[in-house]
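Two complexes are shown next, each including subunit A; its partner changes from subunit B in the first to subunit C in the second.
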Partner chain A sequence: MKIGIPQSLLYYEFYPYWETFFEKLGYELVLSGETTKEILDMGSLSCVQDSCIPVKLYHGHVLNLVDRCDRVFIPRFRSIAKREFICPKFIGLPEMLKGAGVIDDEKMLVIDIDGYKEPHNKYRGFAKYARAVCKNRCRADRIIASCQLRQDEYERKRLESLDNSESDKGIIGLIGHPYIVYDGYINMGINEKLRKEGYMVMYPENIPAINIDTECARLPKRIFLSYGRRLFGSGMDMMRNRRVDGIIFITSFGCGVDALIGELLEIFNKRYFNMPYTSIVVDEHTGEGGVKTRIEAFLDMVEWRRKRDGVDISPYGQDVHSSKSIL
Partner chain B sequence: MGECKLYLGVDVGSVSTNIIVMDSDLKVLEKHYIRTQGRPIQILKKSFKELSGNLPLNSRIAGVGCTGSGRELAGAITGADVIKNEITAHGIATLTFLPDTKTVIEIGGQDSKIIIIRDGIITDFAMNTVCAAGTGSFIDRQASRLNIPIEEFGELAEFSKAPVRIAGRCAVFAESDMIHKQQMGHGVEDIVKGLCVALVRNYLNNVGKGKEILPRVVFQGGVAANKGIKNAFEDMLETNITVPEHYDVMGALGAAILAKKETDRAGCTKFRGFDSLEEDFTSTSFECDGCPNMCEVVEIKVGNQVVARWGDRCGKWGGS
Partner chain C sequence: MVLTFPHMGKMYIPAKAFFEEMGIETVSPPPVTKRTLELGTKYSPELVCLPFKINLGNYIESIENGADTIIITGSCGPCRFGLYGIVQKEILKELGYDIDILILDPPREDFPKLMENLRRLGEGKDFKTVSRASRKAAPIVMMCDSLYELGIYKRAREEVKGDTDRLLNQFEMSIRHTHGADGVIKLLKEYKRRLRAIPEKKDYEPLNIGLVGEIYTLIEPYVNLHVEQKLGLLGAHVDRSISVSWWVRTHLLPDIPLRIKEKLILRRASSYLGLCIGGHAWQTIGHSINYARGGYDGIIQIMPFACMPEVVAQSILPSISHEKNIPIMTLTVDELTGDGGYNTRLEAFIETIRQQKSENRRKEKSYGRV
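Up next is the complex of A and B:
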């Protein structure tokens, strides 16, 4: 069977698991490829008008696959961590696609991911599916174990590798949902621009989970949105430990999670850290002028402030390239 | 008498194109403020032609800097030494002329910005996001709706005794609100003043949100000519507002200052000369069919020679 995987939304987060899973089951994989203008156009035409751009893109990616495979894999994300949710659009994704007339029920392969009560068991939907296909419990469990291994390995590697790590000009923290920061089309090549200017890029995924938990625990109330937690915790950690020279918060127009998190980060930055900080809103426009102007001005500002504060030493007496104190 | 070095600053904005010529003591000799009218190349050529006739004898252009949303285009045509974003250019110009500035309010045709300066460097900035409420276009639109020339708009506001409250969040809301107030019989000057206050309220709530606005506050950009807006800012911020002498061309001035710095360092300029600007520039665009992105690539040609291309995402055509 040919199975299509839309290269969009949380694909960037879970693709090692998904790809291993379907490969081991003996399916042929078809990917929708990187986002293009065609995919965006198809998506925004079929999706409900007031949805955010990542969800519109997902519609486009599914449309791109529909005629090229037997079934399209649509994950239904209920929860990926204990007592936490992600954006409700992820829960209703299959229904949204069906309602928009993008894909029929029979064409969808929907697998639930639910770790709200038992986070260690969140992939049980995959196990159930594998058992049904293999008709051999041992083989199915082996497949699940190797998927988990691949995913863990990927997450570990991701933690260590900084984008453009040969550069010595400085580090910019790029805070945003994975489907925005890793999708070069929708973020208008912002990481590429930073790289070209000679900066390293640090993502929320470069920050260990324990640091994120520590930062979130400082808040009077628990953030119950998994990605909200990650963005807030990683941003705070980067600022507090001066891991970066500046922070760019990138969000899609109309994102409810980011409306809260972006504001929190900005307020805390002003109150405690006073770092170069800017936020960039992306939507359907393809004119790069606005983003370019803001990035250029932001990097000028970072440079000036570095010069004023001494090249590699932050006002807190720490080497900005490592979190080690040099005093 | 020695040869006199001049520096050219070009700011191609969405609504206006500003060109200045300054000497090495940063004194402005020539100042051109023209509406871009969507034809930047023709406008640039025309004004350069006028400009070259007005320059003092025994002078030469020693550096060119370009800024504004059309900076790449202007840079390709003139052979600029520096192509800089407008936020940095505005900041540099203000800092050079008014070193004790702490806040810059800049309102142009289609965008508005706030630049926060501390200890002589830019430490924070913000620009309006997706919509153009709180910019010059908003005032422009309402002025034409009221049939008042934009030049008299600000003066008229000063006669107001009881300004009308007008919704300023969106130009469309403002317009319906304004019509309603007109029908109720409010005086024109009160409505005009109300619009000025609405713009300032919108600016401070959006662009200036969460920013610490400390004096000295400098107000620049085309809208700074509008006394009504300046007064509204002064009332709301409860501080004096400085409008610099060259408020309308600060971006171009900043670009020229940066060009001077750059050419002092490099020792020579890349300026193509006024003669070359007489040549035929053509700009064409085409849709690349190399991949499904279908990028719109812009091509600038002098005669038959391609001098610049941009608009492609992948770099195939030399742009980025």
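Up next is the complex of A and C:
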């Protein structure tokens, strides 16, 4: 059987697991490929207008796959961490696709990912599916274990993927959801642009989970959206520990999580850290020219800051950049 | 401690009565006006949903009137409503208002925190006062909703256009001058009696329109541009799926029959959406199907722009409309929504339904003759 995987949304986060899983089951994999203009156009035509760009893109990717494979794998993300959600749209994704007339029920292969109560057991939907297909419990469990191994290895590697040796110009923190940060088409190749200018890029995925937890614990209430939590925690950690020279917050138009998280980061940055910070909102109309200009202006600011401040030694208990106390 | 709370339709009436019975000093936020919206929009993040902006405007206006503590309910569902309190607090702090926000989360979330917040709220009050106040205030929620439901019923059928609205406006003016739960109950009873006395048109069958959608936009009339009133004046009887009393009865009171009914409605939605995705999207789908089964003439979904759960419902509704053969229109509201376009769409929707209906009736008649 040919199985199609849309290369969109959390594919960038979980593809080692999914690919290993379907390969081990003996399926042929068809990927929808990198995002193109065609996919974006198809997606925004078929999806409801008020939706955000990533979900529209997902519609496009699924449309691209529908005729090329027997079934399209559509994960239903309910939760990937204990008592946290991702986004309501992720939970209703299969229904959205069906409602938009993109794909039929028979063509969908929906597997639930639900770790709301038992986070260690969030892949049990996959285990169930594997058992049903293999009819051999031992083999199914072996497949699941190897998938988990691949995923863990990928996550570990990703954490260490930043090495500081190459660049002397500085590091820019690029904060955003994986499906925007890693999708070169929708973010206008922003990471390439930064790299070309000689900067290193640090992603939220480079920050260890424990640092993120520490930052989130400072808020009066827990953030119950997994990615909101990651973006907030990693952004705050980068700023507090001065891991980066500047922060670009990249979000899509209509993203509900980022509207609040971006505001929080901006307020805290202004209040405590005073770092170069800019936020870029992408949608289906964004022209590349505007983004380029903004990035250049931002990098100029980073460069200028660095020259002005020279050596980063601050008076006791005070920030280098402002006279406010950070204790 | 001077307490305030955000507006949500007529919720301020029972809330005011409750806190007055408790003996806590409260500032009711001024009615939502253009200024509220402008204040809220100015200081809110650009892409956040409309309820956030209105709430923030309410807080600022209340703080100007002397409030220093805000009480809101929280949630930890997938909807971003649960994050409102954190962000609003920081925004207000940036504006120079150092106030407290008491977030009342559901008990299973963080029970000790909830108890601490409640204790702060009822500081120095004994249990007897609290229980008496809540016993007195709870019926006001239901009475208030039933008054406005009667208003909806009358508005579609009134003989002189505008009678109902005039009376309801009078009611809202005089509620400000009452004090305590007893005064409010007396006023509610009086106006209900006067509302009942409004003469009706004879032999008039209004269209039945069901309203579904996001809870805040459904309940707060300023935000939905007085959709109930507009539809009523067009001669349609509106049934709103969600109201404050509905929320209180399904969440706070042990009202088993209503809860079972709600469960059944949700179960019927399972072929379209089988699980909770946050907010009230599931209810939107369930109630739409329920309206279609109940023989309603049309359904209108109302949601704020970029509402996360309702977007999913919006994309499912067309298939319900198709399969159950019922017209469904979605209205998205944001701070820029103009009155004119909105009116035109509502009028067109009602007119289409009315024509369709009369045509169907004519056809039925001619079939009968054959």
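In this section, the second predicted complex is superposed on the first by the 306 of 327 C-alpha atoms of A that agree within 3 Å, B and C clash if a C-alpha of one lies under 4 Å from a C-alpha of the other, contacts with A are read in each partner's own complex, and residues count from 1 in each chain.
The rule is short, and it goes like this: a contact is a pair of C-beta atoms (placed from the backbone, for glycine too) under 8 Å apart; a residue touches a chain by one contact, two chains touch by 3 or more.
Because the structure is predicted, anything quoted here is derived from the model rather than measured.
Look at A:F253: by the touch rule set out above, it reaches both subunit B and subunit C. Touch criterion not met for A:T214: it reaches neither subunit B nor subunit C.
Of the two partner chains, subunit B is the only one touched by A:D283; subunit C is not.
When subunit B and subunit C are set side by side, the one touching more residues of subunit A is C. Of the two partner chains, subunit B is the only one that A:R308 touches; subunit C does not reach it. By the touch criterion defined above, A:P88 reaches subunit C but does not reach subunit B. Look at A:N241: by the touch rule set out above, it reaches neither subunit B nor subunit C. Once the two complexes are overlaid on the shared chain, A:Q148 sits clear of subunit B and of subunit C alike. Of the two partner chains placed by superposition, only subunit C is touched by A:K98; subunit B is not. Applying the stated contact rule after C-alpha superposition, one finds that A:I267 touches each of subunit B and subunit C. In the superposition on the C-alpha atoms of chain A, the part of subunit A touched by subunit B in one complex and by subunit C in the other spans residues 253, 267, 270, 281. The part of subunit B that touches subunit A in the complex is made up of residues 69, 84-88, 119, 121-127, 129-130, 210, 291-295, 313, 320. Listing the residues of subunit A that touch subunit B in their complex gives 36-39, 185, 189, 193, 196, 253, 266-267, 270, 276-278, 281, 283, 289-290, 292-294, 296-298, 300-301, 304-305, 308. Residues 44-49, 74, 76-80, 82-87, 89-91, 94, 103, 105, 272-273, 275, 277-279, 281, 303, 305-309, 311-319, 332 of subunit C are the ones that touch subunit A when the two sit in their complex. Listing the residues of subunit A that touch subunit C in their complex gives 47-48, 50-52, 55, 78, 83, 85-89, 91-92, 95-96, 98-100, 219-225, 228, 251, 253-260, 262-264, 267-268, 270-271, 281.
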